Every structure is written in C-alpha cells, then in structure tokens.
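Next come the structures, one after another.
Same chain, two partners: subunit A is paired with subunit B first, then with subunit C.
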Partner chain A sequence: MDFVTGLFPWITNGPLITVQVMSGLSVGMLLFLVSVGMSLIFGVTRIVNLAHGSFYMVGAYLMVTLVEVLPAQEWAFWAALLLAPFGVAALGGIIEIGLLRLIYRRDPLMQLILTFGLILVIGTLVLLAWGPDNKSVSRPDALAGSVRILGQPFPSYYLLVLGLAPVVAVTLWLIFYRTRWGMLIRAATVDREMLGALGVNVARLYTQVFMFGSWLAGLGGALAAPTVAVALGMDGDVLTTAFVVVVIGGLGSFAGTFISALLVGLLQSFGILIFPAVSIVLLFAIMAVVLIVRPWGLLGRPEE
Partner chain B sequence: MVFSRALAVLLVAAAVAPLVLPPFFLQLLTEIAIIGLFATAFNLLMGFGGMVSFGHAAYFALGAYTAALLVKKAGWPVLLALPVTPVVAAAGALLFGFFIVRLSHTYFAMLSLAFGQIVYTVIFKWKGLTGGDDGLLDVWPPAALKSPAAYYYFALGVVGLAMWALAAIVDSPFGYALKAVRENPRRARFIGINVRRHQLVAFVISGAFSGLAGGLFAFYNGSVFPDFAYFTKSFEPLVVALLGGVQSFGGPLAGAFAFKVLEWLISRQWPVYWPLFLGSVVIVVIVVLPQGFVGLLGRRGWARPGQS
Partner chain C sequence: MRMRSRTTVSWVAVLSAFLAVAASAAPAGAQAKPIRIGEINSYSGLATVYTFPYREGIAMATKEINDAGGVLGRPLEFIFRDDKLKPDEAVKAARELVGQEKVDFLAGCISSGVGLAISAYAKEAKTLYFATHCQTSRLTWDDGHRYVAHTTNNVNQYIRALAKKAAATPYKKWAHISPDYEYGHNVWEEFIAYLKQLKPDVQVVQQNWPKLGETDHSSYVTALLQSGAEAMLSVVWGAQEIAFIKQARPFGLFDKVKLFSASVGNPDELDPLGKEAPLGAVTPGFAWYDDGMQKRHPKLAEWVKKYEARVKKEPTLGASWGYASTYIIAEAIKRAKSSDTDKVIAVLGEGYEMEFPWGKVIMRGCDMQAIPPQWTGVLKTNAQGKPVLGDIEESHGKDLIKSCDEVAKLRAAAGEKKK
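Moving on to the complex of A and B:
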C-alpha cells in the first residue's frame, strides 16, 4: 500500500477523486453529444462523418458570435446556446442535400474521403469568417464561479453540463424508443432497403438524421465553448476523441456510445493523473484492442 | 510501346532538368518524386489491393525518424542510414498490419488510423528520443549531395529504382493474386490464395516503400517533425493517388505532380486558401471524376466504376 500511495499520492484523497470523477463525467457528457450524432449518422446512412468535429467547431464559433451579437443580458447566453445548434443543423442539411445525397451508392471509403475534404473546406471557411485568433465565451454570471464539493473547488458551469447529461440522454432514448421517427431510425439501421420498400421516404429520413446529428454536434460545441479556447484546431482534437468513443461503443449503438463516452471522459480525467505522458496513447491503444477483439464495438452488432 | 516511349521522354526530361531549371524548381521536382513514391506505395494497397489505410503517415514518419536518428544520434552516414529506413518501416507495418488486415473496409481504415495516431503520439511525447514538438533539426546529407541538383539526381535515382521494384511487384504473380483478392476475396480463397497473407505482404511492402519515401524526405527537408505522422498527413497520399487515378500504376506519380504544382501556385499567392482548394478538389473528384484526372485522358478501359 505504501508503494501505491507513493506512486499516486492522490489515491487516498477522497474529495479529489470525487471531483476528478465529476469533471471526467462532464467531459464525457460533452463527448457523448458529439459522438452520439456521429454514431447516429453512421447507423442510418452508413457514412462515417469525419466532418463531425468541424460541426462541433462551427457550433462553438456560432456561440461566440451569438453571445457577442445579442444584447448583453443574462438571457443572451441561453438564447445563443439554443440557437447555435440550429445553425449547425442547417449547415448539415445543406451538406447532406448538396453532396452526400450524390454518393450514397458509392464505395464507403469514397464517402469517408469526401467527408475528409469537408474538414479542409469548413476549416478554411471558419478561418476566413472568424480569423486566426482564439476566441472565448464567458460563462453566464450565475455559473461563472465555482462551488466547493467536499472542500474541493469545482467550476459551477460543469454542474450545468452534468445536469444536462441525464436530460439529454433520456430525451434521446425517448426519441429513439418511444416515437415513430425513432422507430424509423432504428429500422433504417437494420435494413434500409426494406424500409424503403415499405414506402418510407428514406431520402428524407437521411436528411433529417444528418441534420439531427449535426444539431447534436453543434450543441456539444456550443456547450463546450465556455470551457475551452475556441480555436481552429478544435475540430481535429474532438474528431479523434469522438472517433475513439464511437468505435469503442460500437458504431450505431446508442447505449454503447453513452457508456464509452463516459468511460473515455473518466479515462482522460484520470489518465492525466496516472499516466500524464501516455494518456492519449492509452486511448488509441484501447480503441485498437477493441477493434481487434470486437471490431463492432462493445455494444454494437457485427456486420453480416 | 507507347508506355515505354513516354517513360523514355520522361527520363530524358528529368535528366536534363537541372541544366535548364533554377534550384527552386529542382527542389519542387525532388519533392514531387518523393511524394509520388509515397503515393505509389500507398496505392499498392488502395488501387491494387482494395485496402484503404488511414494511417500511412506512420510508416512515412518511421522512415523519416529512422533516417534522422541514425544520422544525428548514431552518427551513421546518409548512404548507410537510408537503406535502413524501409526495414524499420516494414517492421512497423508488419506489427500493425498483422492486426489491421484481419478487418475489412471501414474497420480496416479505422484500425490503421488508430495505430497511426499511436505512432504520432509516441513521437510527440517521447521528447528524449525524438525531440517532441521541436522535431530533429540539421539532418542534412553530406556536402556532395547537399546542392539541389545533386540531391535531385540522388532522390530521382532512388525513387526510380523503388518505382521499378514496385512496378515489378504489381506485374508479378503476387501482384495478380493481390488484384484477385481485391476483386473477390471469396473466390480468391477458393482458388487457393491465402487472402490474409497476401494482404499482409502487400501492407508490409507498402509500409517499407512509404518508409523509404520518409527517409528521402528527411534528408531533403533537413529536419523531421511529429506532424509527419499526424492523421492529416495520412490523407496526402490518398488525395494524391485519387487525383491521379488509383487504377493505374503511374496515376499517383502524375497526381503528385499535379498536387505539388497546384500547392505551389496557390500557396504562393493565397496560402490561406490552399486547404479550401484541396478540400474542394477532393470533393469534386469524388463526386464527378471517380477515376481521377488520369481517367479523363481516355483510359477508361482500365478502370471499372465502383471498384477501388
């Protein structure tokens, strides 16, 4: 035991661990918002949307602009948080109708490469629109400070993220499992052709799903904006992490994405404490092991 | 016949280029040759094996760092260090490829990306060996090879030999078996081809030549950086091969020429717009010209739509 406490002095520090768990869960929750959209889009359209990190970035930048443009009132932040994701959803709709619709029948790898092209295009457009300097969004006054949890300081804004977590997860679950639209989505994940043969307008469903997934990425970006520097590289950073989450959880699996997002959030939070140098390697190593042992992810279905 | 005549013209043009072109263009041509080799090695997998790797920058970087470390830390001469680069890259490709070729299509691409990011992170974090973010500087070839014209001839010679070897591999019974695996893995298995072994061998060969390209690039550039292994770098050979056409052996080389010349033309005037342009070109090529620009030249007989 002395050996363990010598290596990891924080291990007996209950309050520190609690706070670390909470911040890990907050990070995991933001990851979930981005990853579940990516997973949803893959489940229905079979496209691995590499531009998903770019949607997240656009959400954060829209948040910056909206907070600046709206009158400096307390409600401006909340209005911006509500509006920014819809801007991203509109962008997603344009991309789906204008480009992806033309290539659904093509080799999946060509689709993957096309979404990579989108990363470059969106990245440059963001640079042109917002300039190269980092931006920041200030937190609303009510959540600007920090609270003490077991004596440890914890940013109150993260409480908002943590509080939203169950709401979003439950809402998504209700949408997927208790509405007709959700039923169509789940049906499309299993057999798109059959769904089309049954008279469902699959093309419209694709557009809706893509826009909904983009909306979730935008919400993730808008919600994350006050916690990070809004900068040009954030698309790649979030893409690689969301990618790991989606692959570990299982492409197209809702519950799998939720669990793996929280796991990855915790891993990042504790990885920094335990193996500061190799926490990212660890992430990709886990992804590699999952792909080798269960390529379809923890809770995904094997492809025929 | 037409092919060999075109090759002869190309070789003569390449040989006299230093007599007429200023040093800057020789450097551009050197870079085109190196990226062309990288993309051709990559295309052995994509065009001929039907496997798309999203982490090929890892093998390029393994080659580049092997070259830089041997010369800088072990004091090896360049001519001895360069032949080691494909060996180290091949070892990396064998280790990772063993797992990667067990998966297919999208999962193949994703696992290759995961391994690629592991290599990137190790290079980035292992400051003691690799210099981390600062990279390794002053990795120049000896004085005899340092002038643009001298290194141009040297790189061209090495790339030429490597391309000849790759062409021979594509044309060998192994190359045909690989194409059979691409067209129909199940049938290939029925006629007695060991599908996974062929894919793994192709992966290792591709990794080895990517490493050689990385080694050549290290001495051309005079320094190596972790970015060489980053996932965006992995898309470079992909875009280059796609531009030139993945179904023909010479496509990636032509694509490298188009890519580098365009990059020079556009980055010189509007550096900010280069990624925008590149991304748009990729999107247009995929949507409108699935056979790349070489496909435009009327070689449609080679290509079959919907295959890759």
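Moving on to the complex of A and C:
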C-alpha cells in the first residue's frame, strides 16, 4: 500500500478523486452527445459520417454567433443553446437530401470519400463565414464560477453538462423504445429492405435520422463551446475521439455508445494522472483490445 | 464534326480576346522582370488566425516597396502556396515553386516542422529560403546551413526574456504544461535551462505534456493543483491555451499557481478570452497599443494606423513579422545589388541592421538569424475593461541570444550526431 500511495499520492485523497471522476464524467457526457448521433446515423443509413465533427464545429460557431446577436441578457445563452442545434440539423438535412441520397447504393468507399470531402468543404465554408480568428463563448453568469464539492472546487458549468446529457440520454431511450418512430429506427438498423417492403418511406426516415444525428452533434458543439476555444480544427479533434467511442461501444448501439463515452471520459481523466507519459496512446490501446476481443464493440451486434 | 470545330474556333477566339485584355491591363511600369519569392504557409484551417494577418503584413510592405520603385528597379512579387500545416505538402509546393514557377527565393512557414522540412529541401535545391514565421531555434542553429535565413524571432530570445523576468520573482517551485512536439519541448527546455542558470535553486516539481490540440485539460489542471508548484509556464498556444485557461479558471488554478505563458498576450487569445483572461499572468507580446511602447517608438502609431486603414483590423505580431520579413529580404537583395542566390547569401553572411517602427532588427551574419527587440508584460484590463498587456518591459534580443560561438558548438554537435 505504501508503494501505491508513494506512486500515486492522490489515491487516498477522496475529495480529489471524486472531483476527478465528475470531470471525467462531464467530458464523457459531451462525448456521448456527439458519438450517439454518429452511431445513430451509421446504424440506420450505414454511412460512416466523417463530417460529424464538422457538424459539431458548426454547432459551436452558431452558438458564438447567436450569443453575439441576441441581446446581452442572461437568457441569450439558453436561447442560443436551444437554437444552434436546429441550425445544424437543417444543414444535415440539406446535405442528406442533396448529396448522401445519391450514394446510398454505392460502394462504401465512395461514401467515405464523400463525407471526407465534406470535412474540407465545411471547414472552408466556416473559415469564409466566420473568419480565421479564434472565438469564445462565455459561460452564463450563474455558471461562471465553481462550487465546492467535498471542499474541492468544481466548475459549475460542468454540473449543467452532467445534468443535461443524462436528460438527453433518457429522452433518446424513450424515443427509441416507446415511440413508433423509434421503433422504425430500430427496425431500420436490423433490416432496411424489409422495412421498405412493408411500406415505410425509408428515404424520409433516413433524412429524419440524419437530421436528428446532426442535431445531436450540434448540441454537443453548442454545449462544449463555453469550455473550449471555438476555432478551426475543433472538427478533427472531436471526430477522432467520437469515432473511438462509437467503435468501442459498438457501431449503431445506443447503450454501448453511452457506456463507452463515459468510459473514455474517465479514461482520459485518470489516464493522465496514472500514466501521464502514455495517456495519448491509452485510448487507442483500449480500442485495439476491444477490437481484438469483441470486434463488433462492447454492445454491438456481430455482422452476419 | 463541323459543330465541334466551330466550337473550338469560338473558344480560341474568346481565349485570345481574353489574353489581349489581360495583357493590356498589365501596368506599364511593371515591365522590369519581377523578383519572385515563393511563399509557403498554412492558408487553410486552424493556423489562418496567424497567417492571414501575416500575409497582410507582406502585402503592405510589398506595396510600399513597389510603389517606391521596387528593388533594383524590379517589382517584388510573392507567389503564395498553402502547406496545409504538413511538411510533405510544403516540400511539394517548394519543388513546384522552384521547378515550374522558377522563383528566386523561398519564404514562409508557421509550423516549425514545416520550416525544417522546407529548409532541408532548400539545402538540397541550393535555393535560399527565408524562414519567416516559425520560431524553432533549430532552423538556423542545430540544423542551420548556408541556404536558410530566419527573418523573425526565435524561441531562444523571447523565452529567455520571459525566463529573466521569472528569475526576478521569488518563485522556486515550477511546473509547466507544454504541447508534446518540437515547439513545446524547445520552449520548455530553453526556458528552464536559462531560469536555472540565472537562479540555481529553482526546481521543477511537475511536468505536463498534453498532445498538441488536446481540448480537455481538466486532469492536467488537477495534477497542477496537487503539484505544490508556486509558478508555472504554459507553452500550449492558440485555441488549446484558450481551452486550458477556460477550464483551469473555475478550479482557481491561477490563484494558487502564478502563470507565466509563452503566448497568452497575443490578441488571438486575449480577444476571445475577454473577461476570462488570466489577469496578472506574465507573458511576451506585441503591445503596440501601450503608451510606453508608443513613446519609445514614435513611428509605431502611424504604422498601426496605416495597417488598420488597409486591413480594417488591429495588427498582430504576425502582421509585423510579415511586414519586417519582406523588408529584410528586399534589403538583402538591394545590398547584394542582385537577386543572385550566392551574392544575397554573401550579404546575409556579413549581417546588417534595419530600423522598424517597433525598433531595431539585427540580421546576424554568423547564423543569418534575426535579432529583434523583446517585450514582456503583465495581463491587465484597460479602461474599456478589455484584457491587454501592460507594464511592458523592453529588452533587445542581442543581450539575450546565444553567441555565435555557442551556435557554432550547437552546429558541430548536431553534425556529430548525424555521423
């Protein structure tokens, strides 16, 4: 035990560990919002949307603009947080109808090339629309400071993230398992052809799902905006991590994505404390292990 | 067939008409063959926040020079290429610029990795390369050669200015957070080495090496809070440093640990940080708005006004670098009385000094390294409540930089290593 406490002096520090767990969970929750949209889109349309990080970035940039143009009141932040994701959903809708519809039946490689191209196009459009400067969104005054948790300071904005993401998760679950639309989505992930044969308008369902996935990415971006710099390049960072989350959780699995997002959040949080030198590799090492042991992910289904 | 040939004919007609118009539109004064500089930099993506103002600085200086008759009666012309922040893209562009465009010189770089790659190509192609925006000291030192000149500050000078300021404070226990790549290691090692030289009882209690572009720093914040450090150096920069500061503030990190930063004083970070800026942090920066700066440099205000009239934005350090680099290159050609590579290198090897609106820049002969003034300040709020750099202390790189002898030793050691 002495050896352990000598190596990790924080291990007996209960309050510190609590705070560390909470910030890891906050990061995981944000990751969940982005990843679940990506996973959902893949599950239904079988498209690996590489532009998902770009949607996240657009969500953050829309947040910046909305906070700027709305009157400088406390409610402006909340209004922006509500509106920004819908802007991204609209963008997703345009892309799905205008581009993706044309290539559903093509080679998956074509789809990858298209969504990869979208990264470059959206990146350039964001540069043209918002300019090269870094942007930032201030936290609302009520959440600007910190609260004490077991005597340790903890950013109060993270409490919002910790609270909001589970609400979204539960709502998602209710949609998937308690509504007709959710049933159609689940059916589509199992057998799209059969669903079409049964008279369901699959094309419309795809558009709806793609918009909904985009909305989630936009929400993730808008919610993350106050904790980071809104800048060009934030699309690539989040894409890599979200991709890892989706792969670990199992492509198309809702619960798997939730578990794996929290896992990855905690892993990043503690990885740095325990193995600072290899914390970067850790994430990919875990992904590799999962892929070896369960190639279809934690809660995914093996391909038939 | 007839259809097609008719279309071809009409296309040729349109094309030749276009060419005729284009030719007549060329200004009469530009008949002398331009001196062409192939400029490779990152003009898409996350570095544009630095490179766009930098390119404006180049454009401003080029226009001034050409309006005044050019260099040796020839206009100066920059041909820009995007390196996408990738060394191999940069080398591809360099090859194209030298091979097809037949440029006289190469210039550019914001990423240190890109700068070193272009430099290696320049050496092989025997084309003179002016590194203009990246800052690693390796360019002209460890990896220096006769085909590379560095027209802007290097890490060694500004980080020594900061370390000198740090040595004057009572803090002995230090920690840092630096991105885990060339620049991050270069800055931290230069900083701590000089600080220990000035103040031998300084000790490093904790180190953090996040990856470049990491967005979540909460664990590093926790580690720093537990480290027992009295002061810290932040080498993360741009969007990453903004994220780090926004995440660290609510934890009260900067109340506990005094912040020194390599880059937080630049407007690309201060403006978006706004009221979340870490006031009291000690950092270098180009504070052209400072009263003391404007008093010491009477021509600075006029330059700023000219820049703002042109660009409709406040200038940045990058803008001043683009501007100065253009003049430094033009001066070398002027002194050589030729755009011939060997003659220009000979002039650079002798060294020269130039006056800029912000002070004297020395081009040192032995390593073809620029030595500009250095400024260090403390973050404060101005009358409008905006975060700015105040209490500016000005020194000159010539009193801080490694000597020609030390550079010779570095080059020899690097040469040994390669063998």
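Here, the second predicted complex is superposed on the first by the 304 of 304 C-alpha atoms of A that agree within 3 Å, B and C clash if a C-alpha of one lies under 4 Å from a C-alpha of the other, contacts with A are read in each partner's own complex, and residues count from 1 in each chain.
Definition applied: a contact is a pair of C-beta atoms (placed from the backbone, for glycine too) under 8 Å apart; a residue touches a chain by one contact, two chains touch by 3 or more.
Just so it is clear, the model here is predicted, and its values are computed rather than measured.
Asks: If subunit A is used to align the two complexes, do subunit B and subunit C fit next to each other or clash?
Replies: Clash: subunit B and subunit C overlap once superposed on subunit A.
Asks: Touching A:V247 in the superposition: subunit B (first), subunit C (second), both, neither?
Replies: first
Asks: Have a look at where A:E193 lands relative to subunit B and subunit C in the superposition and call it first, second, both or neither.
Replies: A:E193 sits against neither subunit B nor subunit C.
Asks: Applying the document's definition of touch, where does A:E74 land relative to subunit B and subunit C: first, second, both, or neither?
Replies: In the superposition, A:E74 touches no partner, neither subunit B nor subunit C.
Asks: Under the stated touch criterion, which partner chain does A:D141 make contact with: subunit B (first), subunit C (second), both, or neither?
Replies: neither
Asks: Please work out whether A:L127 is in contact with subunit B alone, subunit C alone, both, or neither, and reply first, second, both or neither.
Replies: Touch partners of A:L127: subunit B and subunit C.
Asks: May I ask you to decide whether A:T227 touches subunit B, subunit C, both, or neither, giving the answer as first, second, both or neither?
Replies: second
Asks: Of the two partners subunit B and subunit C, indicate the one touching more residues belonging to subunit A.
Replies: When the residues of subunit A touched by each partner are counted, C comes out ahead.
Asks: For A:F116, is the partner it touches subunit B (first), subunit C (second), both, or none of the two (neither)?
Replies: The first partner, subunit B, only.
Asks: Superposition on A: which subunit C stretch among 5-13, 95-103, 203-211 or 221-229 collides with subunit B?
Replies: The one stretch of subunit C in steric conflict with subunit B is 95-103.
Asks: Residue overlap on subunit A between the subunit B contact set and the subunit C contact set?
Replies: 123-124, 127, 236, 277, 280
Asks: Can you list the subunit C residues touching subunit A in their complex?
Replies: 44-46, 48-49, 51-52, 180, 207-211, 213-216, 218-220, 222-223, 226, 238-240, 242-243, 246-247, 250-252, 268-269, 271-276
Asks: Within the complex, which stretch of subunit A touches subunit C?
Replies: My answer: residues 9-10, 13, 16, 19-20, 23-24, 26-27, 123-124, 127, 132-136, 138, 144-146, 153-157, 226-234, 236-238, 268-273, 276-277, 279-280.
Asks: Flag every residue of subunit B that touches subunit A in the complex, lowest number first.
Replies: So the residues of subunit B in touch with subunit A come to 52, 54, 99, 102-103, 105-107, 109-111, 113-115, 117-118, 121-122, 125, 231-232, 235, 238-239, 242, 272-273, 275-276, 278-283, 286-287, 290, 306-308.
Asks: How about subunit A: which of its residues touch subunit B in the complex?
Replies: Touching subunit B: residues 48, 99, 102-103, 106-110, 112-114, 116-121, 123-125, 127-128, 236, 240, 243-244, 247, 277-278, 280-281, 284-285, 287-288, 291-292, 295 of subunit A.
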